[in-house]
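What follows is subunit A paired twice: with subunit B in the first complex and subunit C in the second.
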Partner chain A sequence: MNNKSWKFKNAAVTALSALLMLSLCGCWSYQELNNYSYVVGLGIDKGSSPGRFRIIEQLAVPSALKKGGGKDGDGGGTESFWNVESDGDTVFATIRDITRKVQRKPFYGHNKVLVFGNEIAREGIFPFIDFFVRDSEPRSTTWLVVAKNKADEILHHKPHLEKIPADKIEKILESHIYTSSYHNIQVREFVENMLSEGQAAVVPIIEIYEQKIIPSESKEEKGGSSRGGDEKKKPDTVLMINNCAVFKDYRMVGQLDNIESRSYSFVTNNAKGGIIVIDSPEGKEKLDIEFYGVKSKIKPIIKDEKPSISVTVKIRCGLADQQSKKNYATPEKLKKIGEKVNAEVKKEIMDCISKSKEMKADIFGFGNEIYRKSPKTWKKLKNNWDEEYKKLDVQVKVEANVEGTATIRSIAKPGEDK
Partner chain B sequence: MQLEKGRFSSLELLFLVAGLMQGSIYVSTYTFSNTPRDEWLALLISWSIFLPFALMYLKLSEKYPGDSLVGIHDKVYGGLAGKILSAVYCMYFIISSAMNFRFPSAFLTINFMIATPVIAFAFFLVALCLFATTAGGVETVARLGIFNSVAVVASLLLYLVLLIPKIELPHFFPILDVPPKKLLHSVHIITSEYMGELFVLSSILPYVSDRNLLRKNYFRGISLGNFSFLLVAFLVTGVLGNEAAIFTGPLVETTRLVEVMNINARIEFVFMGFLIITAFYKCLILFYVTLVSITELLALRSYKLFALPLSLLIFSLVMLTNENGPATAAAGRNSWAFVSLIMLMIIPLVTSFVSLMKTAFRKTGR
Partner chain C sequence: MNFILKLLYNIKYGGQRKKKPRYNAETSAELSPDTGGKAQKGGAESNRPPEPEAAVDPSLAISDKLDTNFEKLKEIFGGSGDVVFREFYFGKEKTLRGGLVFIDGLVDKTIINQSIIKPMMYDSSYLCSESECEKTPESIESSLLSVGEVQRECETAKLVSHISSGDTVFLVDGFNKAFVISTRKWENRGIQEPQTEIVVRGPREGFSESLRINTSLLRRKIKSPDLTFESMVIGQRTKTDVCIAYLKGVTPQHVLEELRRRLKAIDTDSILESGYIEQLIEDNPFSLFPVIGNTEKPDVAAAKILEGRAAVIVDGTPFVLTVPYLFIESFQTSEDYYMRYWFASFLRFIRFFAFFITVFAPSIYLAVLTYHPEMIPTPLLFTLAASEEGLPFPIFIEMFLMLIVFEILREAGVRLPRPVGQAVSIVGALVIGQAAVAAGIVSDFTVIVIAITAISSFCVTSQADSGALLRFICYFFGAALGGFGIVVTILWILISLTTIRSLGVPYLSPIAPLVMEDLKDALIRFPHWKMTNRPKSLDPEDVRRQGDDQMPGAYRNEQ
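Moving on, here comes the complex of A and B:
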């Protein structure tokens, strides 16, 4: 071996040793998988005594998951999740306190959802969020939701189709692309909003919805809160996202209903898909317009140091369902439908903006846009932004393009309008 | 005086230069707290400020070919003054090495292996440097550069692709709405610490074999190093925006946000591996330079004699250096930036000036 290749070999050995160093040191802090329990959901409610709060940890039970636990009649018998709670004054201490009840150290790296009880949300979640951003174990990609009542009851609700409530919540949140009627938000985005001067955040609210279905009559909808015996006569319940909470300075200051939440999604470029119900051009029946592509642009305009905002929302949509017997598959009628969509969406967005102005909560980040366009103007406005926001002139322009009528051209009824 | 028979190519110098700069990527937290949105701007300003200094380092080396830093000081300032100045530099190199050995070790224990003491990693790092220098020497140190640079750039590009859905261009705006004091502070840190450290290569430059391409590849190396920093700035600002200012390790936090179809959670471990490699490479360069400088100052025949004592000295200092993260960060952000400015920019400037004056006087015969 010549000298050059020997030196090259030395370099390669050193590089390899440096890589190996990482794995060898790992023996020092090694942890066995079976010494950990895995937190998949975490709830925070007010505690039993004033000033204290309660943390509910939802732990996955891997053995039950493997056997199909958590479902009546499909084997297993053991629940696929285990909720453990503890009261305390600070988050980390309370979380650690749980290890007195759980023999395996909880691991937070796989936590999917963080549920705040309504009371806590209204009082302010600042004291509770720090741990989830600061600590290296929890991930800031965890979803954030607010319970309509208590986080405790949400995490205890046995879900349909899924085995773990946290899984179900995560899947509902991911389904926002089909309605856009709520905005799903991760811890990171929430903190980013809170760090931006004057900006508010929107967090989905989760509740237990009572259905009229009696579980014993429905094979599909087994589970829920109702189980065997007399309980079978109770109405079935499901977890549902309904409305969104508005947070300002880490405190819940109000709510947006589902239509307002959808308008929020339109303006903030978060609407992925959904259905807009409009009156038919004749005004008698309803039409379902499915939108599948939304692009919005917020443009701040500064004139004589006075700011205003121009919002343009472009919607790609199509006729998906109609009650009318008319045939709308003509360019003129589709144009008319488009105009109806424009008017409807514009009205909804304006209503949402008015609602946010009432709450003095800049959920759209208009202040941030003004700052980006003209930091000088923003510096004059920021100290009194709540009032300035109420006075802010916002112009909304909606451009809907109705692209088609799905798989049929005209209504499937003979002798009607063609 | 040359302690090495080994030589390396200017192409390897390119990766050596880039590697030394890339080794500072993991401490970029110092500047993100000042300029979370305008980091790229601070980098470009620093780059333009540093380029004349880089040229000055090269000129010095070209003027005294075959001489390391200690040799240059001897020739410029004369025997005693040169030796005193070289001794001061040796102390600076030792402390700088100790700090740099501590960073990656502390980084690992804070983020991943909480129960492992810092000294465990530091021990492995020092031992590895001892092996690389005594078994290989300058050629091994230089040749490692290509492994390092390829790994760093490839991993940064990979993360760029994975994080594209999370990059938001509005995070970069408004441009230049940063207090001038903070921008200046960032520029100061980047210029004197991230870039100024290239001055330590003065002790390695004599071993470049093809000197005709030295200058070209030296500047290419600086460009590659700066490109890596710009990639980091783009990633961190694009993903975190203003939030970058609150994290102790914004780059780590950025990589933690990678989501690949809900499967590859914790993919940041891959990146952390490369980050540690590049930090190690910087430690290795500093260790080697410290070793040859002390050897030359003490007029020893072989630097291998002093390798073990130096390892023990650095290891001891790692244990004594700043006991907590904020102290390390505060030192890096404030006091060390000034020390580096003096040692890596002002004194070399004075040295160049004295050298020029000496030449001028010699020409005029005075």
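Moving on, here comes the complex of A and C:
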């Protein structure tokens, strides 16, 4: 009985102290929603004085966001975003320094996009990327883009349709599935590419495109209606993704144009959809081939210690538009078109590969494939990979399957060659 | 938190439950198995075993003088106005003196007038006078009292309890025994639709306050003679009739024995509602979860009895207890079995989901907003942040206020008279829903979350009270420790659920311990033709419920 009561007392003391311990660590990191300010975009540019850089934080203004979308607007007065800048030597210090200007602690968990200015990108972004991988708040799924000039002007560009520039950038990046003409890359993938030996990464470049008064014929145009009101006289501008930057060892070493970027997407299995323009089998007119399923396989072949790469790209596509008056809705003709597509895509891919060889940047990760196949061979190659890559023999095989002619069986003009 | 309660209890008593034998066979409980009940009107002669004649305390015994007996009884009842003493003469030349004692309002006066007094006065002329014939008592019982149920008693105390229960006592001068004539009848509510368990499809009748009506309702559902009602009386002062109903050969004996043991051990002066009994026989008195079920519907009680459970019917309340009660039963309704199984199974999921929401929605909302804002989709986060903009209170206070207001509203809505209750709910909805948001005290999202929580709490009514308490516990843990706190609370809930039992049956069965076959009626409801066996977790004596091949179809007609 005595023993028992002692036991219970002991249990009681333990339990009560455990409960008290809860209160000690309780409310750790408790934050009200409006104690934070939410960073949605972050730009890094060269600073005014040499050696320093400038961070531009784009903060969302929730109340303005809500009002603007709301019913009876008295909105519009306040901007939906607010850009704050700060100069510094290191990322974290600079970011913290911003709280001297922003009364609410910036929260990076919802940062969508990281914009690097051109100069910074060419000098190397290694000093800046570490924080975004190491810290717990920023996500590794943040998009990475390079500004054609300065990150500053990109983040200040007021977009159409969206209210926040960072939102717009994210949405353009997400709509790459309609063209595949640029590769969108997240911080994690970028760092993975950088970490695997010899590999380079491809990052989209964003620029401000100035529209002519006449509606432009630009294929990549993503902006909405033209702007009205007081800015009538100024030419309308839109944010646009044009070309991609090639990063080698955290440094921008060159560019791929849109077609090359698409070829890059083909080879790396990132192409989701888009249009290939080819000449008709007869020669003169153009055909639009829409592809909607691309599967590629990179196969390293090692023969007598000498590596080569064979790339097979399988494309599922269909005839989506034609300027020719011929009717192609027969299996034989579609097959012919498929051959045309094969040739065209193969040429584009080979162009892209030779461009990357010029830059000595193994954007496709061929080196990695060789390493996986035969670590021994890779050991010999890796010290001189830049030169070896230039010499690397790459065989490309494209298998396009033109599956149909969309919703019509014959051409728009009746009476032609059935 | 039952944990703390338990601790306090243990500290106070040093972990030793005082075990003193409190059961007194004479006063607290009388157990007498009988099929059909002891006061069934118009039924056959009672088959009650004869009372032992000897061993009666002379001071308690009935004297053979009518006047003495009357005086004794008058003294005991203290001159209550509703106790009627009626004296009359009967027999040949009206030489015999008799007296009736009953309580006005508890008895059927027609029986007294037509079947007791009338035959006594008119047809008793062949009875000899007391001195001449010793067989008078026998002939009174056998040829004069045209009533279904008559007993003989020779103890004053027992007479008193009979009179209090509505029986009529007939005393004859010169005879030291009394006839106890069953004349119970009093006004009752009648059979109405129960207010707590409303169904779209299914019987609308509900139990009422009268024990007899309730047993008859059950008997009408289950006509098998195996349906047994065991009567007992609990409560020294209220002398409440309590009845265990079970199906012989189905309900496991060990459950019945345990139930009897626990009921007998009750030593209290009053049982006013089945809730008293529920709390006095629970397995885990510190748990938040109810381990004894209750129902107001005879079809539900019958279904549970048929599954191998026992029911405890208490006089004076329409709520019949059912044991053992499993957690899963909270999510079953009678309608599950009346509607087709597809939708019934879907509704089960809805109920589980609703229970989850009602317990965890406020705390998850709070924890995500204040600890894990990165978990919210960006556009939603901005909308939330915008709605929180400029509000005076932290979200914790805001939400807590609303939770309390909801509980107040609910309580008020239940207690207030119907017409006023409606007004309260309108005012409440307007004040809370509209004005509070418009005035900038709470955000509209908080109101939405509270509304969902509140509505969900009505989906699983039998866990509504435990749900409300858990909601607050979880809320505080979520507020103090964020998502981690909620996970801790969930763990605590699961652990405590696996710990408790209902009359020895694990509360979480058939899920933990896993009884594969019983899962047919757990998360989803299998069609009736698939539920061949009774729930095995209840360990019924006869597991089989129906034949094989009950699936309807063309092949069955061919045979």
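Convention: the second predicted complex is superposed on the first by the 365 of 418 C-alpha atoms of A that agree within 3 Å, B and C clash if a C-alpha of one lies under 4 Å from a C-alpha of the other, contacts with A are read in each partner's own complex, and residues count from 1 in each chain.
Note that in this section a contact is a pair of C-beta atoms (placed from the backbone, for glycine too) under 8 Å apart; a residue touches a chain by one contact, two chains touch by 3 or more.
As the structure is a prediction and not an experimental result, all values here were calculated from the model.
**Q** In the superposed arrangement, does A:L195 touch subunit B (first), subunit C (second), both or neither?
**A** first
**Q** Just checking: does A:P375 make contact with subunit B only, subunit C only, both, or neither of them? Give me first, second, both or neither.
**A** So A:P375 only meets subunit B here.
**Q** What is the contact status of A:E32 with respect to subunit B (first) and subunit C (second): first, second, both, or neither?
**A** After superposing on A, A:E32 lies in contact with subunit C but is clear of subunit B.
**Q** Can A:S140 be said to touch subunit B (first), subunit C (second), both, or neither?
**A** first
**Q** So, does A:F107 touch the first partner subunit B, the second partner subunit C, both, or neither?
**A** The answer is second: A:F107 touches subunit C but not subunit B.
**Q** Of the partners subunit B and subunit C, which touch A:V40 in the superposed model: first, second, both, neither?
**A** second
**Q** Which holds for A:S63: it touches subunit B only (first), subunit C only (second), both, or neither?
**A** After superposition on chain A, A:S63 lies in contact with subunit C alone.
**Q** So which bits of subunit A does subunit B touch that subunit C touches too?
**A** Residues 4, 7-8, 11-12, 15, 22, 25-26, 28-29, 109-110, 139, which sit in both footprints.
**Q** Using the touch definition up top, name the residues of subunit B that touch subunit A in the complex.
**A** 6, 108, 110-117, 120-121, 124-125, 128, 131-132, 135-137, 139-140, 143-144, 147-148, 170, 173-174, 177, 240-243, 246, 253, 256-257, 259, 265-266, 273, 276-277, 280-281, 284
**Q** Residues of subunit C touching subunit A in their complex?
**A** Against subunit A, subunit C makes touches at 3-4, 7, 10-11, 14-16, 369-371, 373-374, 378, 381-390, 394-395, 479-482.
**Q** Tell me, which parts of subunit A touch subunit B in their complex?
**A** Contact set of subunit A toward subunit B: 4, 7-8, 10-12, 14-15, 17-19, 21-22, 24-26, 28-29, 109-110, 133, 136, 139-141, 188, 191-192, 195-196, 368, 371-375.
**Q** For subunit A, which residues count as touching subunit C in their complex?
**A** Within the complex, subunit A touches subunit C at residues 1, 4-5, 7-9, 11-12, 15-16, 22-23, 25-34, 36, 38, 40, 60, 62-63, 65-67, 107, 109-110, 112, 137, 139.
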